[in-house]
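In the two complexes that follow, chain A is the common piece, with chain B as its partner first and chain C second.
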Partner chain A sequence: MKPIREDILEDMKNTCLTVSFELKKHFRMKRMVISFALAIGLPLIFYIVPRIWASFPDTAEEFARLNLSFVNLLIIISGSLFAGDAVVGEYEEKTGLLLFSTPQRHTTIFIGKYIGALVPTLAVVSIYYLTTSLEIIGIYGTGEITSEFFKSFLIALIYTSSAVSLIFFFSSVLKRKITSTLLGFFSLMMILPIVSSVLQFIVDVEPWYILTYTEGLITDVFVGAPPIGGGPGGQPGLFSPDFYVGISVMIIYTLVLFFLGVFIATRRRME
Partner chain B sequence: MMEMRRTIRCLAIFVILIILFSPITENSSGLGLERTDQQPSRDEFDVTITNLTLSNIEPKEGDNITISVTVRNNESFPIPNENIPIQNLTIRLIRFEQNITERKISMEAKTNSTFEFEWEAEGGRQTITAFLSAELADSKERVPLDEMSREIWVEPEPIGDIYSPIIALFLVFAVIFGSAVIPSIWSYLTDRNSSREKK
Partner chain C sequence: MDDDCIIRTENLVKKFGEDVTAVDNVSFEIERGEVVGYLGPNGAGKTTTIKILTNLIEPTSGRACINGIDVNRYPKEALKDVGSLIGVPGVYGYLTPDEVLTYFGKVYRMSKEKIERRIEEVLELVNLSDWRHSKIESFSTGMERRLAIGKSIFHEPSILILDEPVLGLDPEGIREIRELIKSFQKKDVTVFLSSHLLDEVSKVCDSVIFLYDGKMIERDSVERIDQIMKQYRLIEVEFLDTLSESDLQKVRKIPVIDEVTKINQNKIRILKNEGDPASTADILRKVIDEDLDVISYSPMKSDLEDFYVSLLGKRGGAR
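Now for the complex of A and B:
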């Protein structure tokens, strides 16, 4: 029997090996280049267009709120890109026949794959925030980077981990890469927001348990800026997510879907 | 001859039109009221908002603010008054198209009156607009008389704190990275138990 210390170190080494392999794969497939370009290009639109045709909003908070209301779009796109085929790809392309026969524990493979999808998505979000903060400094000055901006950044990171967990879960359950990527993308982009809107505007119930509803916290923390129309017809929603409940919901989604995804993936057999 | 007939016909049509529309021009209010100096037509009410002030110009979210609306009645008759074609003179306060409050008011002739309203301030940049309107006696249609707006910055209460998302993020990463070593701990514990059982 191996000593536990060696065993733990080996597991950690194997996880790191899978993470580095996944990162290299994303880099080779130009996914990183595409998403990093989007992370720089999208916030630049909010700088270039007003600079040429209009004027900037009056306050840095308004500018940040407007700019960051699109960060969820980037989270969904990059999450689908990096996590959409994380598990299902091994089964569909039969590369799992080689990978699963190695002495590495299956759990470390899937945890490594999850981290390999999470790290670049977090990097994309960080680049988006970095570009936005540089714009704010350029327009309004250094003093306008407030604690609300950091709060929004941290919430965006937590939301990213929950979005990646959801897509990773679909990747563990489904049989086709395209189905898992599209289902992950559309559930965050359309299905969950529609459910949330129906509950808000038709049933008149606060959908605090819906993941995409809590995403509103990313911009809601900028309390000084007027609300941006989010509901049907451009009207702001009837409810706004509670800060602590929203964060708790994101954590629960992240951990439950992550463990479920890893559990299902380790039980799955090659067909 | 033909030219003359056409001219006469045109003149006749013109005269008929004048006769037909003469009651409207004589009594343009259409309310069956004779116009006198004391009873003007519906377009001629000279009741205006002259001032809109806030008791606190640098409030914080949740503060109670008194909004004062000063209205000037330049007419020579008091409102409400049974002999005039308007009634229910109302001040309505709105913020971002949402009603704050509404009140029916009365005014003496040729006077200024100030009306006070209480409002619990909501955070952010707020535009408070006071609308003065009245109801037409005959059709009950509400007609706007005047409006005035004031912009105010209400210091908002911050949402949440910075430590909670930091702790949450730390927790998520710790669990995810830590879960990589759970199988080795689990297998160590189960192996140790099985070897004990064998012994």
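Now for the complex of A and C:
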């Protein structure tokens, strides 16, 4: 048996190999191109449409809020594309028969698969923010990129991690790629926002523990404007998420679903 | 542990749920350089055993060891010198053979130079050199199979675990894989090969382990199994008239007949327990002596299923 340090280094190498393999997969399956095109295309709509047919909002913050209220949609699409088949694909396509019989701990493979889904989704979100920031500079000048913009970016990255964890978890549990991808997509797009709305508007309870409710923080950080709240595209709600509670909820979702996903995937066998 | 023992299972049991026991207390040892066939009909537990040996599933109880290392506890160490082909694996369709083999080469910590050399050698060996940079999604099933075989031998392992390796191959492909496995014998590679085709196994293996209903029922050399097989020959007999129960009884009473099975109203299958051709002639003579009008008499080689039945019968019926 090898010394622990060497053993861990070897595991890390295996994880890195899986990450690069996953990235190659996303690239080959055109997922990168689609997501990156959306990351540039979506904010461009908010630039081109007002430029031709209307006028830009009065302040950079308003422009940013409007633009970034759609970053959630991009997170959901990219997360579903990159994480939806991460684990389940190996079982459904039976490629796991080749992969899992190699001298690697299955845990290292699944951690690599998670990172391989998370990294491109984070990259897509970053490109979205970069495009938006370039638009703000172009319209309002360099001084208009505020600290709130960076704060929103960080919140979006944390939210992305939690969304990817949720879809990765579905991928570990379910038997079909399409089910896991669609369930991930619709959970974040419809199911959780509906639950959140029902709790807010019918039960009159703040759904602080619902992941999609915390997403409102991405745009709520911009001061001087009423909170957009809730679901994708921004549904005005009775409540708005508390910053620290929201961030904590996102982090808890990220960690719990990641560990649970890896645990279940590792226990799952090619039967 | 015996230094020469490369693959060992100890009281291996795998249950699926409460009712299904896929592998039932299987213990065997395979020594260095041996080519051992693992034979059984579909559903006998061959693939389950192989999946345990390659850490795809864990046993319910018992142990599977390679080079003395428990595969399910220390897969990294146990599997580093193992090449495996299990079932009909999918082969990442969006990649090329070059990319797939490069990835697995890195997993096995092969150097860049070795990866490059082995890609050329292996693709040549499995007749895929011209497809090195083509996407696998355009491959036929046979080509995918050959690539999967190529992947299993890519890192030059000293242990090969192959599950139905010729499945899905055309006759030429089967012949090539057979030659390939034979060539490993000369290189001192230990091969554990599962199949449901006795004929296939007998052509490449030194010895055979028989599995039936999850139980190991026999382990023997290929030569001895050939001899046993000769002893168990089936004869199909067709009569002019419909057979009555008393006619069947008459046939059953003929010495050297073990079993008589009625196929239809005027056709039976006889399982005789003596292998010499004289007994085949003797049975025909005695059937005719019983005033039964024979219109066809066809001795046939017993298939694997019959062989199992005969083995099980001799052992008091594990079934």
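Quick note on the criterion: the second predicted complex is superposed on the first by the 260 of 271 C-alpha atoms of A that agree within 3 Å, B and C clash if a C-alpha of one lies under 4 Å from a C-alpha of the other, contacts with A are read in each partner's own complex, and residues count from 1 in each chain.
In the analysis below, a residue touches a chain if its C-beta (ideal position, glycine included) is under 8 Å from a C-beta of that chain, and two chains touch if they have at least 3 such contacts.
Everything quoted here is computed from the prediction, not taken from an experiment.
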item: Partner chain in contact with A:R105 - chain B first, chain C second, else both or neither; value: both
item: Which superposed partner A:F259 touches (first chain B, second chain C, both, neither); value: first
item: First (chain B), second (chain C), both or neither touched by A:V221; value: first
item: Chain touching more of chain A, residue-wise (chain B, chain C); value: B
item: First (chain B), second (chain C), both or neither touched by A:Y244; value: first
item: Chain B versus chain C as contact partner of A:S172, first or second or both or neither; value: neither
item: Chain B versus chain C as contact partner of A:I115, first or second or both or neither; value: first
item: Touching partner for A:E10 - first (chain B), second (chain C), both, neither; value: both
item: Partner chain in contact with A:L157 - chain B first, chain C second, else both or neither; value: first
item: Touching partner for A:S196 - first (chain B), second (chain C), both, neither; value: neither
item: Contacts on chain A seen with chain B and repeated with chain C across the two complexes; value: 1, 7, 10, 105
item: Interfacial residue positions of chain A with respect to chain B in the complex; value: 1, 4, 7-8, 10-12, 15, 105, 107-108, 111-112, 114-115, 118, 147-148, 150-151, 154-155, 157-158, 161, 217, 220-221, 223-226, 243-244, 247, 250-251, 254-255, 258-259, 262
item: Touching residues on chain B, where the partner in the complex is chain A; value: 96, 123-125, 156-160, 162, 164-166, 168-169, 171-172, 175-177, 179-185, 187-188, 191-192, 195
item: Complex contact set, residues of chain C against chain A; value: 16, 51, 54-58, 74-80, 82, 84, 86-92, 94-95, 99, 103-104, 106-108, 148, 151
item: Complex interface listing, chain A residues touching chain C; value: 1-2, 7, 10, 14, 17, 21, 24-25, 28-29, 93-98, 100-106, 269-271
